[in-house]
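Here subunit A shows up in two complexes: once beside subunit B, once beside subunit C.
What follows is the complex of A and B.
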């Protein structure tokens, strides 16, 4: 028996019961939108906070401070940090954010020494628009991460205002590092002086270490170096630092996993409800199919296939909508200058669809089994 | 030549404490190309006998052989395969799948057979033409009259070219002209294609189309009443 011959039958059952199918698919789509969005946030947290064996960056912050406004370190710590064994370079960074609260649309300025920054960090960046020369030559020039530029609709040559700073867009860069994607890099002095008169004061140092295995030892050495200083330091690996400052968001996103599971339960309930109602209203129809010689397990398969089609249709709609919003909305959860991307990729969509397929099968399992075991004569007597 | 052979055929149901016996040790031989009408009061066992012959119910006693096969001893799966080859069922209420067109309804039994799309199409169209409804192939059941729906159901019953057509009150839901047309069609299938037709009916007039009429009462065959003979006269 060629089972593909029955695919049109299944599709007709779904499409020609238009209202019922549309309502079910709409419900599934909403639930899958939420599920995919939650998963996108989870993926973002994983990307932003999971350390890899290749990570060689430390962040030196002011001890016992948790936000850019209060973390103030003397810029001349740079020279002393670079003297620590294993340190390749230390980049002083002044961070100013447009919004102290957690938000999807925060503009984060990172003031950096331009030439040193490009020398040490340039290999991680791909210039997608504008020019580095332009950035170097203008005091007020900003190099925007692609996510920020795209979200704000900014292109090279434009002027924009945020956090009381007026900057000129010199270029747009792409990076595999989530933190680069959502910031505006400017000259260190420009941010220090922009209305705050904090020349010589920086928020943090990003320290490049020779080998990943040295991170722990170097961070301890740096903190020991400033232990008795007026401005003591707390040094973390970059990913651990993100995890620390974005702790609240990560906790919320972790809780949102339950929301995602709730969405899956909703999908299961919706599909199961639809299939049960469909099977109950088609007792005679299934009995007719059995009379025509359709074996019970084929009827069970047809019922489960309807569930899978409904679930996949809803999954495609909801998943694609969430994927589109996450991917092209260029959202990132920003807190205290750290950025957690809402990251959707094709893999996430595929996982969502696989989950939908499994749910479709599960939802149809019991009604399909019941329908396949019914006595034909009993069905006709009952109708 | 005997096509269907029932020996001491019995069917019992349990309903709570009570045992109901709609068929009670029935003996019956149906030759090939017979057109048999089954009559009797409600609960006499007509439909039960029809369902047993059609293989959609199983006997609890006795034997039922069709073309030499003891269908009472077949597994569910084997019985389904046997039904798809050997029996066409015509229901009183047509029982077409409402979301499928006439063509698609008639095609349903063929999906179980190894046929190309072209062969299926030809067979479906031939069956629809045979029952005089070829021009309604793309109509949905809701767009057809009762008589037309029953014709589609008959086309569905004959599309696999089964030896036996069973019909459970095929005119029970039809007006007189439609009933006449449906009965004439069953008669043609019997006479021209040598199909064995077994029909349950409450209407004595429809028995005039059959070659013979048997009466059931309390699960057994009984002699035919004179009043019914008169009613059956065309």
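What follows is the complex of A and C.
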């Protein structure tokens, strides 16, 4: 039997009680909006903290510190770090954040040696607007991550003020690295001069290692090198470092996961409620279908299909709305100079729809089973 | 207008126990969620708002650090210079209310053998801090002594560190800067950021953070002087690179900084509540649709449409009110006062009168909105057709 022939029947059943179906779809859309938003936060945490086999970057921080304001390392550590076997380069970075607390609109300045930074890191960046030459030539020039520029409405040529620093926007860059998307790169000395007695002081070194397999050994060597120094170091892989400083956000997202599960339960309840009500009011109709020779499992299938249609309709609406907000809202949770993007891609939407489909089937399972097993005579008597 | 008795609505609730159960669970869940999010927002608001009537404090911090005192660095001499230069600061028994402080976020460990870094917010202070911050009350033990590796903890410090309360009781130790520190006191500063902090002597924290010659800020208490006097001092001493900010304004700016988070929490609560309303509407539509003939009969008996709508609404609102009471009870018993760790501090969920009012109103609105549209729809049908239905 060609099941596609029954698509109009299923759609007709769904639209038969327009208001009720609309209410169900609206409820599912709300729940799926929250679920997709939570998943987008979760994806951001995964992207920012999951290490991959190709990671070759270490972060050298001041030991026993996790705040950029208190991690102060002498810039001349760079030469000694570069002398460690396996180190390709060490980039000194001075970080200034508008606020050490967690929120959605933190501005992070990263002071870097411009030429060395572009040599080492330039291949990961795509210039979206402005020019690198402009950035190189002006002392107060900043290269903004696309997320930050978009969130603050900044374009090349504009002046902006944050964290007590007034900077000129020389360019906007796009990067696959979440940390680049939400920062302002400026000259190292420019950021150092913004603080008191900070010339020659940096927050961290980003160290490029020759091979991923060397990360552990090199980090141990670096820490051993400065073990007895006045400013001892603690070296982490880049992703582990972000996981360490963004502990609060990770906890918040962990809590939000429960909210996401609650949303799925709400979708299940809404669809199930709608299907149960719909099946209850159509007992006689199902009896007629059975009398006409439609098998019980086909009737069960049609009922489950109704659940899937309702769930998918709500899922598309809610998921697409959350996708749009996450994608074009350019939100990122920031703390201590680390950034966790609220990241949405098409995959997230597809997963949401798949989940909706499964929930639609689950919600229709019991009423479908009951309807398919009911005796015809009993059905007619029930009316 | 002849009214239907309330008993009629009340007895109708028992017709479908499943539906009644769903209404109770739905409305109580909505109320609990509204109370939780309202309690979070209220707790944050109270923590970052200074109570009127306390001292009027002004913070002197580094220029450009107005958004966060943690990254402020000013010369250690500012305290002495400010106390000598600004006349009209509060003074008691020869002690001028000028508190030099270091605010730092540092990782601490439970012991030297522990691997886990616990994020702590530390404040290095001198005894004068207890005069400048009268909200702080030492509830157990004593203040820490300089040079003795001692510290005292706020009432919510355990939550901030993610440790059980008994682990940071007086007599216990914490490990940082390569040595054990003994907890000698516990203080309470309800509804302030200080409640989640660890306080230790200023010089000890200066040594631990290698900033012997600098401070984060100096907090002064005004008596005869006004803010303009402190502001004038800060502006006239360009060499010190300092700025003055009323303490109330500083915390108001922190509250403004958290605005997106608060909006996110409120939007989530509103979405959940609207989901509850939509679910309730759906159930009521089905429930009332099944009673078209009954409604037709009531009309035939002479009850007006308004009386019937009122009775159907009573039924829905009564069920929602019962659910609201359950939700409110859960909120008061289980949520009120719960300490939540949040971004460089901790706060207590606060279910006070305004939050409770919002929760109850929300629960009742769920019942009210859930009933009106289905009831009106149910009454649209002419009496004869309603009686003929089914």
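To be clear about the criterion, the second predicted complex is superposed on the first by the 380 of 383 C-alpha atoms of A that agree within 3 Å, B and C clash if a C-alpha of one lies under 4 Å from a C-alpha of the other, contacts with A are read in each partner's own complex, and residues count from 1 in each chain.
As a working rule, contacts are C-beta pairs under 8 Å (C-beta built on N, C-alpha and C of every residue); 3 or more make two chains touch, one makes a residue touch a chain.
No experiment lies behind these values; they were computed from the predicted model shown.
*Asks:* Looking at the overlay, does A:194 come into contact with subunit B only (first), subunit C only (second), both, or neither?
*Replies:* second
*Asks:* Applying the touch criterion given at the start, work out whether A:376 contacts subunit B, subunit C, both or neither, answering first, second, both or neither.
*Replies:* first
*Asks:* Counting residues of subunit A touched by each partner, does subunit B or subunit C come out ahead?
*Replies:* Between subunit B and subunit C, the winner on subunit A residue contacts is C.
*Asks:* Check whether A:266 is in contact with subunit B, with subunit C, with both or with neither, and answer first, second, both or neither.
*Replies:* The second partner, subunit C, only.
*Asks:* Quick one: is A:99 in contact with subunit B, with subunit C, with both, or with neither? Answer first, second, both or neither.
*Replies:* So A:99 only meets subunit C here.
*Asks:* If we overlay the two complexes on their shared chain A, which of subunit B and subunit C does A:140 touch? Say first, second, both or neither.
*Replies:* Touch partners of A:140: none, neither subunit B nor subunit C.
*Asks:* Please indicate which partner A:289 is in contact with in the superposed arrangement: first for subunit B, second for subunit C, both, or neither.
*Replies:* first
*Asks:* Show me the subunit A residues, by the header's touch rule, that subunit B contacts in one structure and subunit C contacts in the other.
*Replies:* 17
*Asks:* Taking the complex as given, what residues does subunit B use to touch subunit A?
*Replies:* 48, 51, 54, 56-57, 76-77, 80-85, 89, 91, 95, 97, 99-100, 104, 108-109, 111-112, 114, 156
*Asks:* Inside the complex, what are the residues of subunit A that reach subunit C?
*Replies:* The contact residues of subunit A facing subunit C are 17, 19-20, 23-24, 26-27, 30-31, 33-34, 64-70, 72, 96-105, 163-165, 194-197, 230-231, 244, 247-248, 251-252, 259, 266, 269-270, 273-274, 277, 280-281, 335-336.
*Asks:* Under the touch definition given earlier, write down the residues of subunit A that touch subunit B in their complex.
*Replies:* 1-2, 5-6, 9, 12-13, 16-17, 284-285, 288-296, 375-377, 380
*Asks:* In their complex, what parts of subunit C are in touch with subunit A?
*Replies:* 22, 62-68, 70-71, 73-75, 104-107, 117, 119, 176-177, 209-210, 214, 241, 254, 257-258, 260-261, 264, 268, 271-272, 274-275, 278-279, 281-283, 285-286, 289-290, 341-344, 377
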